[in-house]
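Encoded as structure tokens, here's the structure I'll be asking about.
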Amino acid sequence: MSDVARRFVMEFERPLVDLEEKLESLKHLSVVEGAELAVEIAALEAEVDELRTTLYTSLTPWERVQISRHPERPHTDDYLADVFRDVIELHGDRLYGDDAAMFAGLASLGTRKVAVLGHRKGRNTTENVRYNFGSPHPEGFRKAERVMLLADRFGLPIVTFLDTAGAYPGLEDEDRGQAWAIASCLATLSRVRVPVVTVGIGEGGSGGALAIGFGDRLIMLENAYYSVISPEMCATILHKEPARAAEASGCLQLTAQDLERMGLADEVVPEPLGGAQRDPVTVMGAVGTAVARALDDLGALPADALIASRYERLRAIGEYSSE
Amino acid sequence: MSDVARRFVMEFERPLVDLEEKLESLKHLSVVEGAELAVEIAALEAEVDELRTTLYTSLTPWERVQISRHPERPHTDDYLADVFRDVIELHGDRLYGDDAAMFAGLASLGTRKVAVLGHRKGRNTTENVRYNFGSPHPEGFRKAERVMLLADRFGLPIVTFLDTAGAYPGLEDEDRGQAWAIASCLATLSRVRVPVVTVGIGEGGSGGALAIGFGDRLIMLENAYYSVISPEMCATILHKEPARAAEASGCLQLTAQDLERMGLADEVVPEPLGGAQRDPVTVMGAVGTAVARALDDLGALPADALIASRYERLRAIGEYSSE
Amino acid sequence: MPISDWFRAREQRRYTAPSEPPRGSESLADGVWVRCEGCKRTLYAGDLERGLGVCPSCGRHHQLTADQRIDMLCDPGSFDEIDGDLRSGDPLEFRSGKPYAEAIEAAQDNTGLPEAVLTGRALMGGLPVVVGVMDFRFIGASMGSVVGERIARAFESACDRRVPLVLAIASGGARMQEGMLSLMQMAKTAAAAARLADAGVPYVAILTDPTMGGVTASFATLADVIVAEPGARIGFAGPRLVERTIRRALPKGFQTAESLLGHGMIDLVVERGSLRETVIGLLVCLAAGGE
Amino acid sequence: MPISDWFRAREQRRYTAPSEPPRGSESLADGVWVRCEGCKRTLYAGDLERGLGVCPSCGRHHQLTADQRIDMLCDPGSFDEIDGDLRSGDPLEFRSGKPYAEAIEAAQDNTGLPEAVLTGRALMGGLPVVVGVMDFRFIGASMGSVVGERIARAFESACDRRVPLVLAIASGGARMQEGMLSLMQMAKTAAAAARLADAGVPYVAILTDPTMGGVTASFATLADVIVAEPGARIGFAGPRLVERTIRRALPKGFQTAESLLGHGMIDLVVERGSLRETVIGLLVCLAAGGE
């Protein structure tokens, strides 16, 4: 508890944190002033426990969005360090640039060699600037596509990690064909003759996530989201009020649970109370296990069956009636 | 003859042009002063005729290089206007830019639909600046490769026109991967499953020409050249004297005749005395006929045989011994 | 048929048989007078209509309705709609802002269309094609399940029948009221486009004003040849978002067809008067090799 | 075998069996002392040699001979040369400057090599590979008929045997003394590279200082993975020509491996000490899927 003050606090955690801080100062007092505060402390501890449980077991979609953005949440780089071995990053799109916001490389997962793609977010300002806060430029998507094709050529399964607020909406990005780069990724990802397993580990923002964000399996962390539009932008469009993002989060049905219910996510990996940042190693281990299991399943399929079933999977998405 | 003065004069034509000008002024005098100069004029005319024939029938390689660069020589745009119909230019590499130095498009040649690629040179300064004097940037080669793949997908034969001093040696061109763009063109051109007919119409400068400059047939205009390096650059490297380009031209064996002798060119299309600029329509007609004939021949081959023979054709190039 | 004859034929068809006005044609000809957003002049609606929605004064290419687009692209009477029975649901029961179910109903009433895209078989210059046209009036021609499904089926129909696909595209992007089901239509249509390309069947896209967001970033830009109308706004991120991101004014011409042509993203910018002819020319070329 | 063990094994091999100095190893160890072009310091040649040609003072990666390169890349004793019998002709009877035939003879005498590239079968970390290494001392490792032929055959050998190809590349470009026969080697090697790629057999290129001109613009950059050594100059046009073209000074780092990494052109910049390990790691990955 001594690190409460240093922890990054999400908006909705404020009442809990206030109570935790009060408890901590009481305990401090208790050390100094003797044991007469014990009863009060015990009561407060019970209150803190109850609030914590209530708060974290009844998370709203908007609260989950905040958890998905938590800076201490495990990011792609953490999975690369913890879940994979022998990681070799591959740089560049061979056309224009190398985009640090998009990781691409080769690695071992258990005894299996795979290609890994993932949006990258930093832990501090320097890293965040370097990774452009996880928002790729066209060259990031083109690098990803290049490595998809490399994986395809050499029969390496592709594992992708989603963690982006979206493709970067810059002026030069538009001029260099952000839409073209994403579209090309989508076409390529739909036709690679190797298994594709996608993991939503944090933010899954729109086309920038989708570019590496579908395949044969979609695994979502409990507090990851995946959405057609950011809640803030949705609220701006609907009400000209970004502050109504909480409401929009609910409407958009963007949580892992929503995706599972809609049949879009195949599996939801649970997180500890409060979010993956509370116990990254356990969460990352569970993700590694889930990915390996998915690859085991998919490895049994011949390539033709694999891409046929990937296509059918996509074709089945959508809700409409025939009059 | 009244346009002698306005004509672009190549260095080696100077003695002839001096004589022609003298003849012209004599004739002018003759009109004014009466017929007493007739004998002198007749003699001079004979001398001019002889010099013209001698000059143009014993062209040195360096003189041919100069003819190949003649600004009034028919350029890719002229062939597009005269030899093809229903030309639809296709712009852009879908990655970075649209390079005017490289034409790419679809067109009719007789009853046949083809894809056309060609370096572009201008007739005046404005055009030359627009076409970067015929030297493509990486995006030009990437556009050409895109259209090669388009032609491949839809079974359209590819006709290419070579007329470049070389790829542009600019700073940003290097940064954007000039070498990568050319290499990728080479790989693609080697494997497209459609006939590829290349016509050397002017300059064939190094890698920038080669990027669209090989295939199943190579047709060379009589005064076109094709070279591993420009004569000037070769002279600079060997002697630090660009002025020794004439000597280098001879050493490099870069003329159409040299290429035919070495088995690299399949056909040399003759030009009128003095060069194609003297009668562009006839020359372009002959090129059109030669291309159509080549396509007729190649059209008979199944695609597998076509690319196998293209590969064998390339594989056979080179001179070496086994000790 | 030369384009001039065809225009004449079209005029005749339109003006000698006025008993049944084409579905949704009211948009441009709502009143007798309309205002051009390009030059701000007031135009006689009939003039604009006859000029295929191109302002006779400034040349601005106004949006066309789906029916007007079919009329200008396809051989007269050749369009045969497919999948016209598909209707959007309200899978998220989206209630924020205008309830989605109401928005659909209003769009249907306003346009006379079932959804933001019409797809069908048709002839263009006598060539059999599969054609799809989008109508921006229908919830900004955003891509929900029905748009995605009809587009995917159009790709599949072109693939199965081995006839070229022509799509006249306009869209504000994904349809957020369908949430992730909408986003995934991008992957679905892109996958269908990839299959068509692998089958070697031509696909020509006509990008019209505006083509933005998830549609640009999926099937719209996966065409073999991309043609755009003059002045059409084409991009991924909305211009206001870009402006907020870069914190300075956008340059003139940003995200226009002409600017993107310069940036190598599209093949051709073609005026509406030559569009049909150009597309037919492209189809004739691309279909020639398969013979 | 970990790289440290391998270095030890290599040391032992070199120093316990000195009877036959490796072909061409004189270049770096010509005298007892050599001057580093990076830091201008005078180094003990043995130190430079033991450090794989990397300056212990400034880290500059000096050029290696073909034999040194084979030693540092391949498992000891595993290199088995192929096509070593090919010799250049003088097809153009090129006499301008130093006569070509004399230049070849001088290069052969100077290097002990038959041509600017050695190709062969080898093992890397126990994996069978086809390997090719270029030696800049041989007429600037320019690509004439023999270099093109040996490279093309290396691609074909890798393809036929379905084992990965590793090329350690250095070159000034095309060999102008062979004229168009030289230029066409670009197309020939690129075509061979395309076949290998289509066959799904891995090809890793190691770009070393310098890799320029026609070699960069053909097989060198068509690799599945492009690794470069630190500081290696890599490009198409020579820097002096670029400088003359743009009429201003070149920026620091222009055409270096590091700059090109930033421009997205190469996958990795790897120090020589880790190079073998990295390439083996890549081969293990790329070969894994085929199993």
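Lettered A, B, C and D in written order, each chain numbered from 1.
In this text, contacts are C-beta pairs under 8 Å (C-beta built on N, C-alpha and C of every residue); 3 or more make two chains touch, one makes a residue touch a chain.
If you're wondering where the values come from, they're calculated on a predicted model, not measured in any experiment.
**Q** Which chain pair is joined by more contacting C-beta pairs, B-C or A-C?
**A** Comparing A-C with B-C, the pair joined by more C-beta contacts is A-C.
**Q** Find the geometric centre of each of chain A and chain B from their Cα atoms only, then give the gap between the two centres in Å, rounded to an integer.
**A** 56
**Q** As a quick test, compute the distance in whole Å between the mean CA positions of chain C and chain D.
**A** The answer is 53 Å.
**Q** Give, as an integer number of Å, the spacing between the C-alpha centres of chain C and chain A.
**A** Distance between chain centres, rounded to whole Å: 35 Å.
**Q** Between chain B and chain C, what is the gap in Å from one C-alpha centre to the other?
**A** 42
**Q** Give me the residues of chain C that touch two or more other chains.
**A** As it turns out, chain C has residues touching two or more other chains at 197, 221, 263-265.
**Q** Which residues belonging to chain B are in contact with no fewer than two other chains?
**A** Answer for chain B, listing residues that touch two or more other chains: 94-96, 176-177, 180.
**Q** Please list, in label order, each pair of chains that touches.
**A** Every touching chain pair, ordered by label, is A-B, A-C, A-D, B-C, B-D.
**Q** Under the stated contact criterion, what part of chain B meets chain A in this complex?
**A** Chain B reaches chain A through residues 94-96, 142, 176-177, 180.
**Q** Considering the complex alone, what residue numbers of chain D touch chain A?
**A** The touching residues are 197, 200, 202, 221, 224-225, 261-268, 278, 281-282, 284-290.
**Q** How about chain A: which of its residues touch chain C in the complex?
**A** 167-171, 173-180, 182-184, 186-191, 206-207, 210, 214, 226-229, 233-234, 237-239, 244, 247-248, 251-254, 258-259, 262, 264, 310-311, 314-315, 317-323
**Q** So in the complex, which bits of chain B are touching chain C?
**A** Listed in rising order, the residues of chain B that touch chain C are 86, 88-99, 106-108, 112-113, 139, 143, 150-151, 153-157, 194.
**Q** What residues on chain C touch chain A, complex-wise?
**A** The touching residues are 85-89, 91-92, 94-97, 114, 144-146, 148-149, 152, 174-176, 178-188, 190-195, 197-198, 213-214, 216-222, 234-238, 241-242, 245-246, 250-251, 254-255, 259, 263-265.
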